[in-house]
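Take a look at the structure below.
Chain nomenclature is as follows: A, B and C, assigned in order of appearance, with residue numbering initiated at 1 for each chain independently.
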Amino acid sequence: MKDTKESMESSPLLTVNRLSKTYSTAKGAPVQALQDVSFHIRKGECLGLVGESGSGKSTLSRLLLSLERPDSGEMYVHGVPLNGLTGKALRETRKQVQVVFQDPHAALNQRLPIWRSVLEPLDNYPDVTPPFLADVRPNRRETAAKLLEMVGLLPEHLDRYPHELSGGQKQRVAIARGISLRPDLLICDEPTSCLDVSLQAQMLRLLKRLQRQLGLSYLFISHDIVSIRMMSDRILVMQEGRIVDQFPSDQILSEERHLYTKQLTAAVR
Amino acid sequence: MRPIVEVEALCVQALAKRGKDRIPLIQDVSFQIHPGEMLALVGESGSGKSVTAGAVLGLLPNALHIGSGSLRFQGEDVLAWTEKKRRGLLGSQIGCVFQDYQGSFTPFRKIGKQLTEMIRTHHSLSKATAKDLALEWLDQVALPAERVYDSYPFQLSGGQRQRTALAAAMMLRPALVVADEPTTALDVLTGERVLDLLAELQMQVGCAVLLISHDLRHVMKRADTVAVMKDGRIVECEATEMIRRRASHPYTQTLLHARPLLTDLDAGLDWENEEVVSSERHEGVDGVESLADREPAV
Amino acid sequence: MNTWHSIRQSPMTALGIALLTLLVFLTLFGPWIVPNDPLTVQMSERLQPPSWQYPFGTDHLGRCLFSRLVEGAQITLGLAAVVIVTVAVIGIPVGLLSGYVGGRLDTILMRIVDGAGALPEFVVAISVAGFLGPNLTNLLLSIVAIKWMGYARVVRSIVLSEREKEYVLAARVAGGSAWTVMRRHLIPQILSPVFVLAALDIGKIIMLIAMFSFLGLGAQPPTPEWGAMLNDGRPYFQTVPELMIYPGMAILLVVISCNLIADGLRDRLDVRSR
């Protein structure tokens, strides 16, 4: 156990170095969404990122997903720089970093049946066969069924359309899509904040189980410090585009915490 | 002490578009709120909590109607009220705070104008006195009174708007304040401060508060009593302390387990292997949440 | 039963579809059902009243009016269809590229659209006719030149709003190339608004073709185009008004049926009116 932990530390999966991003707004001064953000994620680790709206946590996830470009700073996945990737190199990196978005209603194309949405990443990478799909990969529908099964859905959901599913079921579909390439890093961008309280716990359990089963690393983003604490090994606290505190998960109630962290935890002690 | 609000065996039904079908939205809902008490009505989407609040306010949309049961406000039968009487009481005896400010304020009129108008519809005060009262209350909710008085609603931040809404709800010293998810649209810390303020003002005014929320943990710090709703029924209604120590209904337990406290987690709570409680919504087969689509926004 | 239901739901749309079906039928089978050759001049038979031989009578050159109207349907609808298809083929890709790629390409394309869109359509059409000479091909060219911009703009605005939605972001993260994302997610979103726009525009385009032909800038005699027929009938308006009434009615019917269908499509496809 100790050995593995040390070997993890030697090779960070993701390294982010002094990342900054500024948005120019239509009126008024430009908004500095990220300022000098640096951190790393080790293999098999879940890093929690907590912050309120406008703290820059969504900007960070968009940069890591190469949906936008940073103004300055570097990002490395397995030591390979993410900055300025295009075409083939970008596609290569993308299969290692996948995402589950916040709003399950918006994350699925309303016109496509579930199985098509689930298979979208695998259809884009015909050469990728994750170990857990090895026996079904040649058959597209069987592959989709297996993925649905892994997130607790049934084969009969294959041919449904998004509007026929509940919010929780749609989020499960989004998770199935997120894990389908067995990415090294899965970015969970507020995956439970659109769901009812009782479903939130189910979704967290599912994500945790999948992380252990498949050996994934997570960047778990949320405004809710309790679910961050439940999911993460280490926690970053963001405020106004900066990381103000970072600590191992079990140190969350320690006296050494930043004032802002203490405020966030005060309500849920 | 007579309760401010007495709801007894209340049933509200939705009239289906065609035919004579009546879909029950809430069934057999009973609770009481006494002066100075804060009752939190907790439930997830589709549980009927907003419909209940709407019934108490007499603001149910036309498609819904009260099937049976009784609703009393300060001993008077709410269902027998005329529209005129209800309007007279809303604002003066019953204050409301909604999730977003558009429930409380008209977008393109200045806050001060709206506040003084509210005061002067219920009390015959001069403009100057009404302004003084409004400023005093903006000050009470820790806002820069003069500046907010001259602002439009959209010029304020979400937290400032909810504070203003609290001032508007409390300034006529009502007997009851209904707060429908007042912090859902706000950041965590801002929301906490708004709830603190609500509790503080309640002490000062001595009114009863009906607080609607989807988050049980969130309300447990302030509410005296908690009523948990599920599928249109109150499954458990107890003093907060009782809920905290030994919630009896499995659904309440699910809600509590879904949002454990940090201290519990530090103590090694094994949330991952939680048995799926039987009352947890079954997601697998028939899909769509049972009442979620039917509950109209109130 | 299903058909009956939808007719009861929107009787006006059904009426539009019925009218247009009739016109398309005439267009397709016109040459076989017309009683006379629409171009044969018989001065002995000029300005005849309706008869079994000539259902709507004859015009000032003794040509069968009914046969010319039917033949004109083919020309008018055919031309409008050609224009619409061309316009969509140009406008959709431009709008897609402009909205999806964004950046400098978007700026350049939209400058062109805004600049060209600032010119009134009549000025464009008349100057094209002036420079290149008045004939049908040039008229169609000028209509295409005016109309493609509207499609580009609509498509671009839809793409701009859709591309920020999570399902499109998810598709990009899932490794889809730009073309894959457009084909699978954006083009299906674009199609229904474009259909509605096209249905509305067909009416306008028929009007434009007829109008310019009436002014002598489009179809030239003896082509039995409805606008040109209106022009032909002008000198006889006092004595034989049917020469103008029939082609006028024909234009009116087509335009109305197109608009009815467009309204129905808009309701059915739930396209927000802009």
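Here is the rule we use: contacts are C-beta pairs under 8 Å (C-beta built on N, C-alpha and C of every residue); 3 or more make two chains touch, one makes a residue touch a chain.
Treat the numbers as computed from the prediction; the structure is a model and nothing was measured.
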Chain contact graph, described as a line, ring, star, complete graph or other shape: line
Centre-most chain [mean C-alpha coordinates]: A
Pair joined by more contacting C-beta pairs (A-C or A-B): A-B
Distance between chain centroids, defined by C-alpha means - chain B, chain C (Å): 56
For chain A paired with chain C, centre-to-centre distance based on mean C-alpha positions, whole Å: 49
Centre-of-Cα separation between chain B and chain A, whole angstrom: 34
Partner chain C, residues of chain A touching it in the complex: 65, 67, 91, 94-95, 97-99, 101-103, 106-109, 111-112, 120-121, 124-125, 174, 177, 181
Chain C residues within the chain A interface of the complex: 165-167, 169-177, 180, 184-185, 188-189
Complex contact set, residues of chain A against chain B: 52-53, 152-154, 156, 160, 164-169, 172, 196-202, 204-205, 208-209, 223-226, 229-230, 250, 252-253, 263-269
Contact set on chain B toward chain A in their complex: 44-45, 187-189, 192, 214-218, 221, 251, 254-255, 257-263, 265-266, 271-272, 274, 276, 280-281, 283-285, 287-289, 292
